[in-house]
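Across the two complexes that follow, chain A remains constant while its partner is chain B and subsequently chain C.
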Partner chain A sequence: MNGWGFSVRQVVSLAARVGALALVFALFALLVPEGRFVDVRNIENILVQSAVVSAAAIGATLVIIAAGIDLSVGSVVAMTVVVIARILRAAPHDPSALWALLAVLGGVGAGALVGLINGALITSLRIVPFIVTLGTLQIVRGLGKGLAGNAAISAPETWINPMLDSVRQQPWRWIQLPPGVWLVLVLALLTALMLRYTVLGRHIFAIGSNEKTARLCGVSVWRTRLIVYTLAGLFAGVAGVLQFSYIGLGDPTTAVGLELAVIAAVVIGGGSLMGGEGTISGTIIGALIIGVLGAGGVLMGWPKWIQEVMTGGIIVAAVAIDQVRQRATLR
Partner chain B sequence: MDAGPLLEMHGVHKRFGATLALRGVDLQLQPGQVLALVGENGAGKSTLMNVLSGVYAPDEGSMRLGGQPYRPRGPLDARQAGIAMIHQELSLAPHLSVVDNVLLGAEPRCGPVLQRKEASNRTREALSRVGLPGVEPSRRVDSLSPAQRQLVELARAVATGFRVLVLDEPTSSLGREDVRRLFQLIAELRAQGIGVVYISHFLEEVMEISDRFVVLRDGQSVGEGVTRDAQIPQIVRMMVGREVQDLYPRSARSPGDPVLTIDRLAGRTLPIEATLTLHRGEVVGIAGLIGAGRTELLRSVFRLDAVRSGSVNVAGAAKSPRSPGGMWRAGVGMVSEDRKSEGLMLTRSIAHNCTLSRLRGLGPGGLVRPSLENAAAARWAGALAVRCRSVSQPVNALSGGNQQKIAVARLLHHDADVLLLDEPTRGIDVGSKSQIYALIDQLASGRLGTGGGTRARAILLVSSYLPELLGVCDRIAVMTRGRLGPARPASDWTEHTLMLAATGQEVA
Partner chain C sequence: MRRSTLALVLVSALLGACSKAPTQPSGSSGDARTSPRPAEKMKLGVIAKGTIHEFWLAVKAGAEAACKEEGVEMLWDGPSTETRHDEQRRILENMVSAGARGIVIAPTSHEALVRPVQNAVDAGVPVVVFDSNLDGDAYVSFVATDNRAGGKLAGKAIIDRTAGTPQRLLMLRYTEGSGSTRAREAGFEEAVAEAQGPQLLESQFTNGTTEGAIDVATNMLNRYVVNGKLEVEGMFAANLPTTIGMMRALDRLAKQGVAVNVVAMGFDSSEELINGLKGNKIQGLIVQDPYGMGYTGVRTMLAHLRGQDVPKYIDTGVTLVTLPDLDRPEIRKLLGLKD
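Then we have the complex of A and B:
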């Protein structure tokens, strides 16, 4: 333990995950011929590919630490891209930068609203989060389709579109990474700091670790839970903005099944579905491991099924290794 | 034919880690006899019955059933040998039907196929034998009243057949009429030559239904006799007859202003009515049997459980707090009786457990500085002599006694004025117990400095251990079947009178 509040256990856990990411990366570096894997363009591609999952997974980490689950992520992303496209199309002429900002805020706001509704249903009706968000997964997907008139809607170009484009040809290439990637990294850092150094962070861990203890200690369980799901919706909204930048369309059928990749990232990152465990750094590494597998598989010319089998294997292996380590450190 | 005893237990010992739960129990049960097993909470009654029903294997001693050596390898084995046990907490599957519950594990079948007709007939027969002929076998168990459920459980035993029936506190959830019916049934079983072991806190029931009694104290059988020849006071003396050790330091305390006023408080089911005023600088104890509503009283006071009527006022708070959070803010703190499932976050660190109720002040605004948090936790862990490597260790790496100290340390970190302690020394070693007693004394007498100087605290202590209550408290009130009696000076009570009051006897 030191002044920053990291225990040996947490440091070891993070190091193990960084090691696993390095291992998967090194494997493809060896396998992929002509050094095409360690290429800057490829690494940039991995980061871009992982950005959407990472953004949503930051929120999902909060939910899972609080012993909840959010299955509505993919639908929220789809609804967000539709909302953004609708707002951009509503602009009188070519949408200005300010108008695009309005569209982004509208999209993220819609996501946060869905999160708030998820939280309100879970706390007020006392229905388990799995069921509530299974319901909103369908409802929000349906609403997105309705809002889009059941077809992908095109939208005019704005500054949103190049958020995930490479900056190496730009005059501002000194920022090195696409702005969307930076956005995710900054949000991840802020959320990690919130979890570790604020009262809210402690309360999120407390209700996930033992809800009864949290209640005994005067933590407002329902308020904390409402905040957690609202934040999860907000982060899914941010993921939606990045997804819109990536596809450039208001497509209501996008990001189907994204929630599973998001949950996988959190679990590979050390989050426990029983609650009380999880870190943002671990989650981001989890998302990157999935991203590296995807990019590597493509470069190897592997069919998609191999990537799926490997991702599944890594989920189970990561959790199994964590279990063994936990049993070893206890007594 | 001279049958000899149906069940014999001789010199039974059972050890859990370092604690000796049973150290030499002897009992004999004849066919057609009702044997009452009495003793204080924690005397070892449940452990003994778990040994009998095959849940635990005894470490020493022998058992004979129907003259044959009896060593059950598990609960199923015991059931097949003819031991039926009805637990205090019912063990029915609430979503299943009566028939499914009664025949669970013993379903009549033809290969893998359940024979529904046969099952239904057998269930009907069993139900009519226990006095529930009107209940349809297809009804779901959760649609039945508690009393009916208990009889369904009995029907389950009847359907599989038994020679010995163990009833553990069977009347605690029954009304007067249901108790009457249960006693009739026991009388019928007795007439059929069944042996019945009857465990109860309510001595008047014991006097009414049993033929013989055995008294258990501190894991030993310390007395027995024929019920007809015995008197309740005599049995109570056997139950409590031990020396009060000088474990309990007591400094000069001077009770001051009232800090917590409980007025005709009633919960959803328990407590039924409780009135008590707690003053600064005193320790008030609440005695009573398990199920009397002591824990529910503390939980209602702390607003963890719903309150139906009545009020709780805290000195200094403008209006009475309506949530646990409000209670903490008003300076009231609580230690839960259930350390593992409620008291602590077992996988979180000592520091996180200590500081959860008061994170404000450990950094600017809504921030928490780990260095301040660790210093606070280390201070109280040190003051309570918690054995740990560092305050970032998870709580589940500590022993039970040290875990309990962390639950108490939370109230010290919070600087609470009023401390509600529910069984604070349950299941912990004597060393930790004496440290907690010393701490209670320091808090009540205002000798422990926390935050801003020293001031006397008020403590409300629920305990099932009478010597502890008599040793630590200034006043003691007894809770009986949901009602809290008047708090009297501890010197006016003895273990004997406390036990009489707790079992619903008039105190002279």
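Then we have the complex of A and C:
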């Protein structure tokens, strides 16, 4: 440990991940003709296309560090999108900025509520998180469809829509990146600080590494778990806001299977499904690697199946390399 | 031990009940021919490829209207996504079990649904196919848009409007397995080939979702930006989610400061796309008649059940809608707009 509280192992792990991202990026930079891949516009596109997965993956990182899993993420995103569209449509005239804020809070609140229910079911019924969230995956997807009246809801334009649009033609272009991307970066930073410097952060690692020991040391396991799942729901809600901004309508069938991309981002980022391991920075890099592959594949004109095979390969390779490296450091 | 025997008895009783059900309609379908209005309301199953998008809601409205006119009860459902062939098969089987006298279905796959449809027909429940084609000829009638003609109409319109430019074109396809969109894509390619001058630079498939279509369109368009200018003059998208994806990707590019001058035309309509036409974010929509499809599908099935001859193929037509057309009453009706 040095003065900042980073171990050598953590620094090496992060460096390896930054290296992997740089490698994949450099590969496409070389392969894609005329330097199109390193174009500012393309980098902006990759950031925008990774925003939804990143936002949800911040919450999933907390859950996975605490040795849990949340499969309801995609359904929560769909539910959020529907709640936002419903509230916007309920406005008497064109919804004002304040009304749009209400819609966003309603959407994120719905997400947090689902997270709280996940946490409450897991702690009170003592059913493993995989089963509980497998159940809420279906329940929340169904409720979302019901709330939408089994139809995609169109919604009037508000400030939510341009959240992921380019700002380079706007008077406030000095912010450089779309506001939605900044939102994800700020949330990632805050969560990383929380994990590293607060009691809650240490408790999350503690129950993930060894629940019994944590309990013996006086950590309130159920309370920590409740907070973790509520936060995961909240971040899925934020991902839902960004998804609404991206697709522009309350489609209850959106984000099917998103949970798998989210878990992939965490795992590529060094999170262990056994708990006790994972970083926010790693997760964001994991989401970006998936994003770079998606954009790079299309820019190369590769068919979709090649992109799928490559993403899968990288998931397995990332974990395999991690384990080899860990055994080497332990020796 | 005793508990498990009880469960076994219950399960086998349930299975027995299920396997008995499909034979019921075959016995009673004969009555329908002789008396068009039986005392008990006749049931008709209408199965879409999806239940979410406005297109399917219009189909539902048309089918509902026809059922109401005829005093028939409609069973309506569709799979959660348009690629869930297994789910659609289950819906079909359950509707036959529920006593539907006939099934009107838009198959999610022209191959995967062949056997389930054959099974229904074998059980005495005739099937009318609408919107998307089905292999074989077990069905009574195919009620649909001439999708190839629709794609060709879009291709010709884009080529006409880009005359005098280099006519570099792009196409955003839907999914590999969807019959109706493959036909539209082929129609578009045909129009390009016949015109000889224009060239189709690239076409890409999407994963069937709106967000996936936006991703693919954005990344594909990005390849053709040179010195802050998009070097593409025309673009076609094959259905509702891909048209939304195309429109949003072009809009995104313009907001990034790229000079965009494209004639973009898509397929189908929604509130958002009509707003896009008004805002000149998209220049044309090929519109089908989903209401007419649902309505004609049900009427064709009922005519068949009464013993009348029905044509094997019924074309419900396509129309090109551009901005000035939005004021025409017949177009407003087709788009489901209020006057």
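Criterion: the second predicted complex is superposed on the first by the 331 of 331 C-alpha atoms of A that agree within 3 Å, B and C clash if a C-alpha of one lies under 4 Å from a C-alpha of the other, contacts with A are read in each partner's own complex, and residues count from 1 in each chain.
By our rule, contacts are C-beta pairs under 8 Å (C-beta built on N, C-alpha and C of every residue); 3 or more make two chains touch, one makes a residue touch a chain.
Values in this document were obtained by computation on a predicted structure and should not be read as measured data.
Asker: For the combined arrangement obtained by superposing on chain A, do chain B and chain C clash, or do they fit?
Answerer: fit
Asker: Touching A:Val319, do we find chain B (first), chain C (second), both, or neither?
Answerer: In the superposition, A:Val319 contacts neither chain B nor chain C.
Asker: More residues of chain A in touch with chain C or with chain B?
Answerer: More residues of chain A are touched by C.
Asker: According to the stated criteria, A:Ala91 is in contact with first (chain B), second (chain C), both, or neither; which is it?
Answerer: After superposing on A, A:Ala91 lies clear of both chain B and chain C.
Asker: State whether A:Ala29 touches chain B only (first), chain C only (second), both chains, or neither.
Answerer: neither
Asker: For A:Arg215 in the superposed arrangement: first (chain B), second (chain C), both or neither?
Answerer: It touches chain B, and chain C stays clear.
Asker: Output check: A:Ile43 vs chain B and chain C. Expected answer is one of first, second, both, neither. What do you get?
Answerer: neither
Asker: Between chain B (first) and chain C (second), which, if any, makes contact with A:Leu185: first, second, both or neither?
Answerer: After superposing on A, A:Leu185 lies clear of both chain B and chain C.
Asker: Thinking of the overlay built on chain A, is A:Leu102 touched by chain B (first), by chain C (second), by both, or by neither?
Answerer: Touch partners of A:Leu102: none, neither chain B nor chain C.
Asker: Just checking: does A:Leu113 make contact with chain B only, chain C only, both, or neither of them? Give me first, second, both or neither.
Answerer: So A:Leu113 meets neither chain B nor chain C here.
Asker: Pick out the closest CA atoms of chain B and chain C after fitting on chain A and give their distance in Å.
Answerer: Minimum over all C-alpha pairs of chain B and chain C: 8 Å.
Asker: Report, in rising order, the residues of chain A that make contact with chain B in one complex and with chain C in the other.
Answerer: Touching chain B in the first complex and chain C in the second, no residue of chain A appears in both lists.
Asker: Considering only the defined contacts, which chain C positions touch chain A in the complex?
Answerer: Residues in contact with chain A: 50-54, 57, 80-81, 202, 204-205, 207, 209-211, 214-216, 218-220, 222-223, 225, 244, 248, 252-253, 255-258, 270-272.
Asker: Any idea which chain A residues touch chain B in the complex?
Answerer: Touching chain B: residues 1, 3-5, 7, 196-202, 205-206, 209-210, 212-220, 276-277, 330-331 of chain A.
Asker: Which of the residues in chain A end up touching chain C in this complex?
Answerer: 36, 39, 41-42, 44-45, 49, 52, 145, 148, 150-152, 154, 162, 165-166, 168-169, 243, 246-249, 251-256, 294-295, 298-299, 301, 303-304
Asker: Hey, which residues of chain B end up touching chain A in the complex?
Answerer: 304, 323-329, 334, 336, 341-349, 352-353, 355-357, 359-360, 363, 366-371, 373-374, 390-392, 394, 396-397, 410
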